[in-house]
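Structure first, commentary second.
Letters A, B, C and D mark the chains as written, and numbering starts fresh at 1 in each.
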Amino acid sequence: MGLNDATRAPGGAERDPFAPDLSVRIGPLVLPNPVGVASGTFGYGEEYAALLDTDALGAIYTKAVTVEPRAGNPAPRLAETPAGLLNSIGLANPGLETFVRDKLPALRARRCRTIVNVAGATVDDYVRVVEGIEASGGVDGYELNVSCPNVKSGGMAFGTDPRLVALVTESVRRATKRALVVKLSPNVTDIAETAHAAEDAGADAVSAINTLVGMAIDVKARRPRLAMKTGGLSGPAVKPVGVAAVYRVSRAVKIPVIGLGGIMTAGDALEYLLAGADAVQVGTATFVEPDAALRVLEGIEAWMRENRVARVADIKNLLEE
Amino acid sequence: MVRIDTELLSNRRVAEGYFELRFRWPAAGRPAPGQFLTVRAREGSDPLLRRPFAFASHDGTRDEATIVIQERGSATRALATLEAEAKLDLLGPLGHGFAFPERGTEPVLVAGGIGVGPMLFLRAALEAAGTKSRFVLGARTAALVPEALLPRGAGVEVRTDDGSLGAKGTAADAVTALLPEARAALYACGPAPLMAALDRIATERGWPYQAAVEEWMACGVGACMGCAVPLKSGGFLRACADGPVLDGRLVKWD
Amino acid sequence: MGLNDATRAPGGAERDPFAPDLSVRIGPLVLPNPVGVASGTFGYGEEYAALLDTDALGAIYTKAVTVEPRAGNPAPRLAETPAGLLNSIGLANPGLETFVRDKLPALRARRCRTIVNVAGATVDDYVRVVEGIEASGGVDGYELNVSCPNVKSGGMAFGTDPRLVALVTESVRRATKRALVVKLSPNVTDIAETAHAAEDAGADAVSAINTLVGMAIDVKARRPRLAMKTGGLSGPAVKPVGVAAVYRVSRAVKIPVIGLGGIMTAGDALEYLLAGADAVQVGTATFVEPDAALRVLEGIEAWMRENRVARVADIKNLLEE
Amino acid sequence: MVRIDTELLSNRRVAEGYFELRFRWPAAGRPAPGQFLTVRAREGSDPLLRRPFAFASHDGTRDEATIVIQERGSATRALATLEAEAKLDLLGPLGHGFAFPERGTEPVLVAGGIGVGPMLFLRAALEAAGTKSRFVLGARTAALVPEALLPRGAGVEVRTDDGSLGAKGTAADAVTALLPEARAALYACGPAPLMAALDRIATERGWPYQAAVEEWMACGVGACMGCAVPLKSGGFLRACADGPVLDGRLVKWD
């Protein structure tokens, strides 16, 4: 029996003269290392603070913030599927005002970079959230969650229409000079198109992937497992889809790509980095092992040492094709 | 809250498909009745998520604790077959436990099916504090009653749907049979219909009602908003971080 | 130790007066039961014949047939991922002529319904394959695999463009009166659009889903695991995506929907049937358990008996929403 | 070809990370050297697919057979920890085995690393038929040599990359050292560089060369076209149904 020392800093004390540079640049922002925790899986940084050293993370991508408070979708909101997790949380969050008042100060007090995930039903919603946070002193950056259904365009998600992606990116771009990441939906025919749209509209980076649309049915109860019927699929099951998306997107845009979807281990993260990602996020894995992101970070650093790779950005050049 | 790789000390079958797992548990993580832990049933992605189980006992002097589990799916099946000395990846104690009864109220503990674990723990804790309690266990049939675990002494009743052990009927029936003017404090863990029935009784009679709820969980620590428990007033509470013990009269049970 | 009696007929000998009707109608064709084996996972019916009674299957959907023989893609063509399988077989097949001469007679000799999966690079390719088989006496039906990259429209798959789906369906429709199934790609923004296109163009049914685009990287070798880099993801991992697709498609079209993707058990198949499918196909599961399709069939029949469901088509009405 | 749920009789470690699994195997499924079986390492989806392993021996009188496996990933890890009496879901024998050598040729059996299993089986089968053979095993280091399994008698050589057992060098070096005018018939199973080196020797000297190939497999029975082995002439053969034993001089090894 032994307490897991989840707070051990990556790298360790051995003196290896070779010290890889783990930092990653996203527009105006420098992340100390490439491993962040994904939006919606880490709250606003408080809950997991007892289980790992959040200061050691590359970044915290917060749960989505919307203008108004949202209670979220009816329950049940979760269903496990083979190597995957379906969720229909529905952007449950305290809303801009409460976020700025109650959550932001604690986030700022952490040494870790904070990127606020922003959502809304209209372009104006996104702009208002970013303006509200900017007015209160800002954070390190924003990640636009453009995968939620958009009332104005008939329930289709923003993220599936390149013109809407461009519009929301452009509008938010005018509201902030900070790092601006657009999070791409995989539920599209060609993710390179939405990536292009984000790049052209001024995004500093794109992240991919958000969840895949999925459904599970309780055969005994003859009911969808989720109250909302369909939900978003995450976890190891989607990793091949995420890696393919990052491979495609990184060859379509020049801005950095942040890869995520099913990363459980350093090996998984390295798949994304080799495929073309500049940074990664760990989501569902944190539920399984609270310190997953830090283990991933340690493993990436160890691999870079072993393979004498100087900078994270060099990893993508190592893929033999 | 601690995350530990600990050791299974014993695993015994206590009813049909029910198992009691006893394991080392550190003093640093002293659990209260009603609190739970999450376990990673095995390496790999099947099952993927940690699974929540309520503490069923804790022995602070020997640094041991137990859970009682029912075989339902892949995780519980894997746990049921573990043998002593197996490693267990545990995280806990999580959530909020039961509050002790107010002076002058008589605690009535109601366990439905596999809800028995946390109620056993609460019974023991009350007893240790010198507080007497009634204990009602409802089960479908005798084979599903973990007799070896049942508290000894007065005030312990069993109800089975088929009358194969104890009186025929539900645990809620046993509670209904209490005098309406008693100053009971209800504590319960069990399936939704039982919890709803107790809600009706508690609301009618003005009894306090502490309910340990169950919901699908992903994180178990309050971060994912997945374990939403709907309230009658609208809105939700998180089973893991706001509960699992909630005021049963506020919860929307259906 | 005991030999698995893989050839046991579903249903069994007990006399239950309630006998559910397992048959399923697809246009002019009646399948004896809803459980077929998916294209590409069962060859042309020969290889698995020693391991299960192919006559008990609802249908054999053959490996794709193209006009010319194809050797297929470079190796490696397979990679296992969490709860999934990536493949890039690349339509390896003996070509129309050899198929008609060497494979078709054996297929016809089986009592089981045969639906030939058809692929090509141009609309004309599809038509030629169907005409060629019709000229030789035909089979029970055709399934158009419109998910392979189409040279004419810049490498995008036919299946992602509703107009191309309509065109190929229409053209093949003119060449045959037999059951015509169009197999939909999940790699689209809205699968209901391609389903509509197929229905309007005269398809008797649609099947969903084909594989998801995915990629896996061998971190040690720093190479994509598949020689073709990306491939198609199948297996339990994709089941939630398939069920969601079938749910959506079955509410968008009136023709029957054939559900597939990750079906391992009768429970999985019932998820599809409850979601709106009229029949199902078992693919990757056959690799894991050669008699998977027959076990699925037995389980569906047992479930129908237990729940007193008279016809397969009734199952979809049992979903409580 | 049979699919059976059979019983593991024993599982012993025979080198670092190498295990010999002995199990019941029915007479109805008599395997030839070079043929393989597939096993479902455990229930559930992790790992998902069956895994192929070559038969390493078969005892028709006792209805037993063995495979020798090396721990590499999740399936082999699961198999390595199985204990006697565990159930095994097996399918086999699959593919085509080795053809016996032509009269007047001297069979030279070359095993690289975990390729040892099928070569052991072939050696035993040749011996049972009264045919002498040379046996060369190449390994990285002594710890990876399953000494307990090595054939006794003359003509058995070991080569290790680090010289920690037998002469230093590769198994191909040992073959190169044979007289060029010998009428050898090469049989081999091992990593691609070894197989390619033997191809060069066989081609140069005009020796027959039967090679047991390895490729990722999904179905194992010839249905999926997944296990394509590229040929020098262009085109492919299926490792599972056309092989695994192929004419090593036709295969494109790099």
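The definition used in the following text is that a contact is a pair of C-beta atoms (placed from the backbone, for glycine too) under 8 Å apart; a residue touches a chain by one contact, two chains touch by 3 or more.
Please read these numbers as outputs of a predicted model, since none were measured by experiment.
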Contact-richer chain pair (by C-beta pairs counted) among B-C and B-D: B-D
Gap in Å, rounded to a whole number, between the CA centres of chain C and chain B: 46
Cα-centroid distance, chain C relative to chain D, in whole angstrom: 35
Euclidean distance of C-alpha centroids - chain B vs chain D, Å: 54
Multi-partner residues of chain A (each touching 2 or more other chains): 82-84, 235-237
Contacts with 2+ other chains: residues of chain B: 45-46
Category of the chain touch graph - line, ring, star, complete, other: complete
In the complex, chain A residues that touch chain C: 81-84, 86, 156, 160, 187-190, 212-217, 219, 221-224, 229-230, 233, 235-241, 243-244, 247, 262, 267, 270-271, 274-275, 303, 318-321
For the chain C and chain D complex, residues of the former touching the latter: 1-4, 6, 40-43, 47-48, 50-51, 63, 71-80, 82-85, 87, 89, 92, 235-237, 264, 284, 286-291
Chain C - residues contacting chain B, complex: 82-83
Residue ranges of chain D in contact with chain C within the complex: 1-7, 24, 26, 28, 40, 45-50, 91, 215-230, 234-236, 241
Residue numbers on chain D that touch chain A, as the complex places them: 45-46
